[in-house]
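Naming follows writing order (A, B, C, D, E and F), and every chain is counted from residue 1.
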Amino acid sequence: MKRGLFIGRFQPPHLGHLYAIKSALSKSDELIIVVGSAQYSHTFENPFTAGERIEMLRLALIEEGIDLSKIFLIPVPDIGEHSIWVSKVKSFCPSFDVVYTNNSLVRRLFEEEGFPVESTGLYRRDLEMGTAIRERMLRGEPWENLVPKSVAEYIKRIKGVERLREICRKTD
Amino acid sequence: MKRGLFIGRFQPPHLGHLYAIKSALSKSDELIIVVGSAQYSHTFENPFTAGERIEMLRLALIEEGIDLSKIFLIPVPDIGEHSIWVSKVKSFCPSFDVVYTNNSLVRRLFEEEGFPVESTGLYRRDLEMGTAIRERMLRGEPWENLVPKSVAEYIKRIKGVERLREICRKTD
Amino acid sequence: MKRGLFIGRFQPPHLGHLYAIKSALSKSDELIIVVGSAQYSHTFENPFTAGERIEMLRLALIEEGIDLSKIFLIPVPDIGEHSIWVSKVKSFCPSFDVVYTNNSLVRRLFEEEGFPVESTGLYRRDLEMGTAIRERMLRGEPWENLVPKSVAEYIKRIKGVERLREICRKTD
Amino acid sequence: MKRGLFIGRFQPPHLGHLYAIKSALSKSDELIIVVGSAQYSHTFENPFTAGERIEMLRLALIEEGIDLSKIFLIPVPDIGEHSIWVSKVKSFCPSFDVVYTNNSLVRRLFEEEGFPVESTGLYRRDLEMGTAIRERMLRGEPWENLVPKSVAEYIKRIKGVERLREICRKTD
Amino acid sequence: MKRGLFIGRFQPPHLGHLYAIKSALSKSDELIIVVGSAQYSHTFENPFTAGERIEMLRLALIEEGIDLSKIFLIPVPDIGEHSIWVSKVKSFCPSFDVVYTNNSLVRRLFEEEGFPVESTGLYRRDLEMGTAIRERMLRGEPWENLVPKSVAEYIKRIKGVERLREICRKTD
Amino acid sequence: MKRGLFIGRFQPPHLGHLYAIKSALSKSDELIIVVGSAQYSHTFENPFTAGERIEMLRLALIEEGIDLSKIFLIPVPDIGEHSIWVSKVKSFCPSFDVVYTNNSLVRRLFEEEGFPVESTGLYRRDLEMGTAIRERMLRGEPWENLVPKSVAEYIKRIKGVERLREICRKTD
């Protein structure tokens, strides 16, 4: 039994995340998906709450036909101190054997604590895909094709694009 | 579709919790199980980490034959300020329609924020069952019959009773 | 122009507080009333929110005929570190010349930072009057005669005694 | 009896704030003025402490002939988590019926918690007036005409412009 | 080159601590002395600030003839979360090879993170010697013979016993 | 006996720091060196942990032939609130008589609390030398001549340049 860990902010969950999750699941029996920066919401970087992101991830996993019983969805708050963040993740999560990430800071931090880290491969060139999606939302450009269908529907149901625009409108 | 929320510290998950969870599931379609005081561990009140408690809960749910796809297991840290704790729970969890609890402070806090709260009924007289279990562990008395079989096995595998005794040994 | 500072938790504001406030006002032109432990509520020690305590204090000051334009009502959160608490108070409050207190820890902390500290004299034997009031509320004994009339009415209006009893009911 | 809530950082209080406060007072009987980001000071964004801002606001209200007995001046610290900030404001403030703001993020957060939110109208084009004032202070340009006379005098008395320049001087 | 780590709260540094430090130094080349609970002061449990404790430790080491160039004195704040505390210690301290402690919780936490832990042996029966000293101070009983001479002198110079009594005087 | 205090982030300790430390030691008998922003690491601004910075400082002091028994090396965490930061420093450090700094914000904050502050003089034009060193590391340019030899060796031994590059690689 091998259990992996995959970390993201999922603002929102997109096709690059799904690609990485499936890649990780192909290499391990169970997968912990950490929803990072869990306490943040209502900003450009983090428009959605941890609860909304967990709900979107679950919809996306179901849409993708992934067996939920192999998945843990765990929100982990940021603590702003990189040197103790891996300990925080370990404390909030069931034990795991390997970390999957394409982020070099995450890789570095887990490697310094002795964890094996593997890359998940990239979905097209999906670095910064989350940022690109939020910028498209702001500019009124199409973004729906970059996320699972169920995620796009959820965002529309909770009027997520409107929220993003309102919280980014410059005032004060 | 009705989604409920059930909150506990699960130190460790015991038969009273399972009774309440099954009661809650009989009245709603999906259930969010909040693992409270998530940041604490290695004390008498909270010997196990949030990750260990999530792992034990999952084992117990599987043992009980509960469909995991209807369950969210969410760790939520304490913030020490009761007046904003409900907001914190709302932020970490997917949306929910009703709260199940037998704890009068939890009931009070959610009712003040406008949530419907229902009691789950008591398993025998299970108030303080968690405390009773930890005290039995300390004194070397039998405790295994108060928790699901898979939970007892897990605690033995991670040497949880030894941990509890060491962290409670008075030294300074 | 001399401005004093008086600190309490005001759980709830009682006749001893009013006595001390009037004593302080007789010795200075303006008075800052700090509502301490501002972030806490819904516990036996701190049943009321900072906002509720400010509202009760204002009612009591008006009942007492005290000129509100001479008063600052300032909530200050606890930070759990005594050595920097005086700095926190200074940061949240307009400048002040003297501290009025009967509490020997508060006296000590302000004196170590170089502030003059004066005693306000005691209303009968009012040490622990706040604790006594809350215990009477719990036991169903009369408490109304220990607080200003407007405070008693406010507590009844928000069902404060019921809240205190619910949050203190032992359940785990 | 209708009580409103108005939120600002007041770095420093300026004519746009006064315009909004008078507008809010014309529509409600009492007004809570929340001094936000209360814990910050000695930066370009927040040069003044909460205590100094409260003192300036009080001077401005008196200068304007506003009845202080209708006003609550409440410092509220930032907590960096938008989803629980409204709860924090509710906890620190007496109860209120309506929120007055021109800031779209504040509007959004209070509306999501079910509060009615009204705009206060704009004083000329007062968005960013606080920033403009601080930039003028740094560059040695006139700023006094953008704040109440008593506020300008207070800032000069505490040598606020000198502070702003020192804390913004690039060194390290 | 072997570097050890020894942790205490040093409220105040006493003969038991010195015994342990010398024992640890006899087994390693350099020693990191962590002053724990660094942010606390002015309570019965933690009357002295971290800075005062560091000053007392230095006096005691000099009195004892210990070479200061082999010693690191490092204050480390408590974070209230046992599962990440070892990471916090690692982050604040130079690297170390072994932990010396007689405290079973400290032993447990470092062992779970893979550090070798050794006992220092007990000076007479010095468990709780810190508590005993503070209680003697409160009751006006002799305590000076339980601490190094230079520590007793320092405590008298800063009027530490008077502080302890004032902060423990019950007033509310 | 005159004791000075010198504050830096020491990311990493460089020749400008050493120049200032020697200047400060020429004017006082003992020197407290505060390692600021102690909780941060693994970012461009703060790549090294407090423990690593303390270790590098100690190597540099030894290399420079400075008597370690006159030096205190104290990590102090940032609290993000300038108005109480001086209190935090006072709490973590032994008492001191004078502050040495070239930073105008540090100067301002200590002067507001009544401390004498002196400049240390500048080593060539060493403002921002820390930033310059880190930028050179990133770009693969020579940086070793800007730090003490022992510091350069230490950074190479722990592969500090590799760390800096990995944590700064842009990935999302």
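Descriptive notes on the structure:
Quick note on the criterion: contacts are C-beta pairs under 8 Å (C-beta built on N, C-alpha and C of every residue); 3 or more make two chains touch, one makes a residue touch a chain.
Remember, it's a predicted structure, so these values are computed and weren't measured experimentally.
Interface of subunit A with subunit F: the two copies contact each other largely through different residue positions, with under half of all numbers used appearing on both sides. Comparing the chain pairs D-F and B-D, the larger number of C-beta pairs in contact belongs to D-F. The centroid of the Cα atoms in subunit C and the matching centroid in subunit F are 43 Å apart. For this pair, subunit C with subunit E, the centres built from the Cα atoms lie 36 Å apart. With touch defined as above, residues shared between interfaces to two or more other chains in subunit E number as follows: 39, 41, 49, 81, 83, 90-91. Taken pair by pair, the chains that touch are A-B, A-D, A-E, A-F, B-C, B-D, B-E, C-D, C-E, C-F, D-F, E-F. Residues 81, 83-84, 86-88, 90-91 of subunit A are the ones that touch subunit E when the two sit in their complex. Within the complex formed with subunit A, the subunit B residues making contact are 38-39, 41, 49-52, 54-55, 58, 62, 68-69, 72-75, 77, 90-95. Of all residues in subunit C, those touching subunit E in their complex are 80-83, 102-105, 107-109, 127-128, 130-131.
Taken in their complex, subunit D has these residues touching subunit F: 39-43, 49, 163, 166-167, 169-172.
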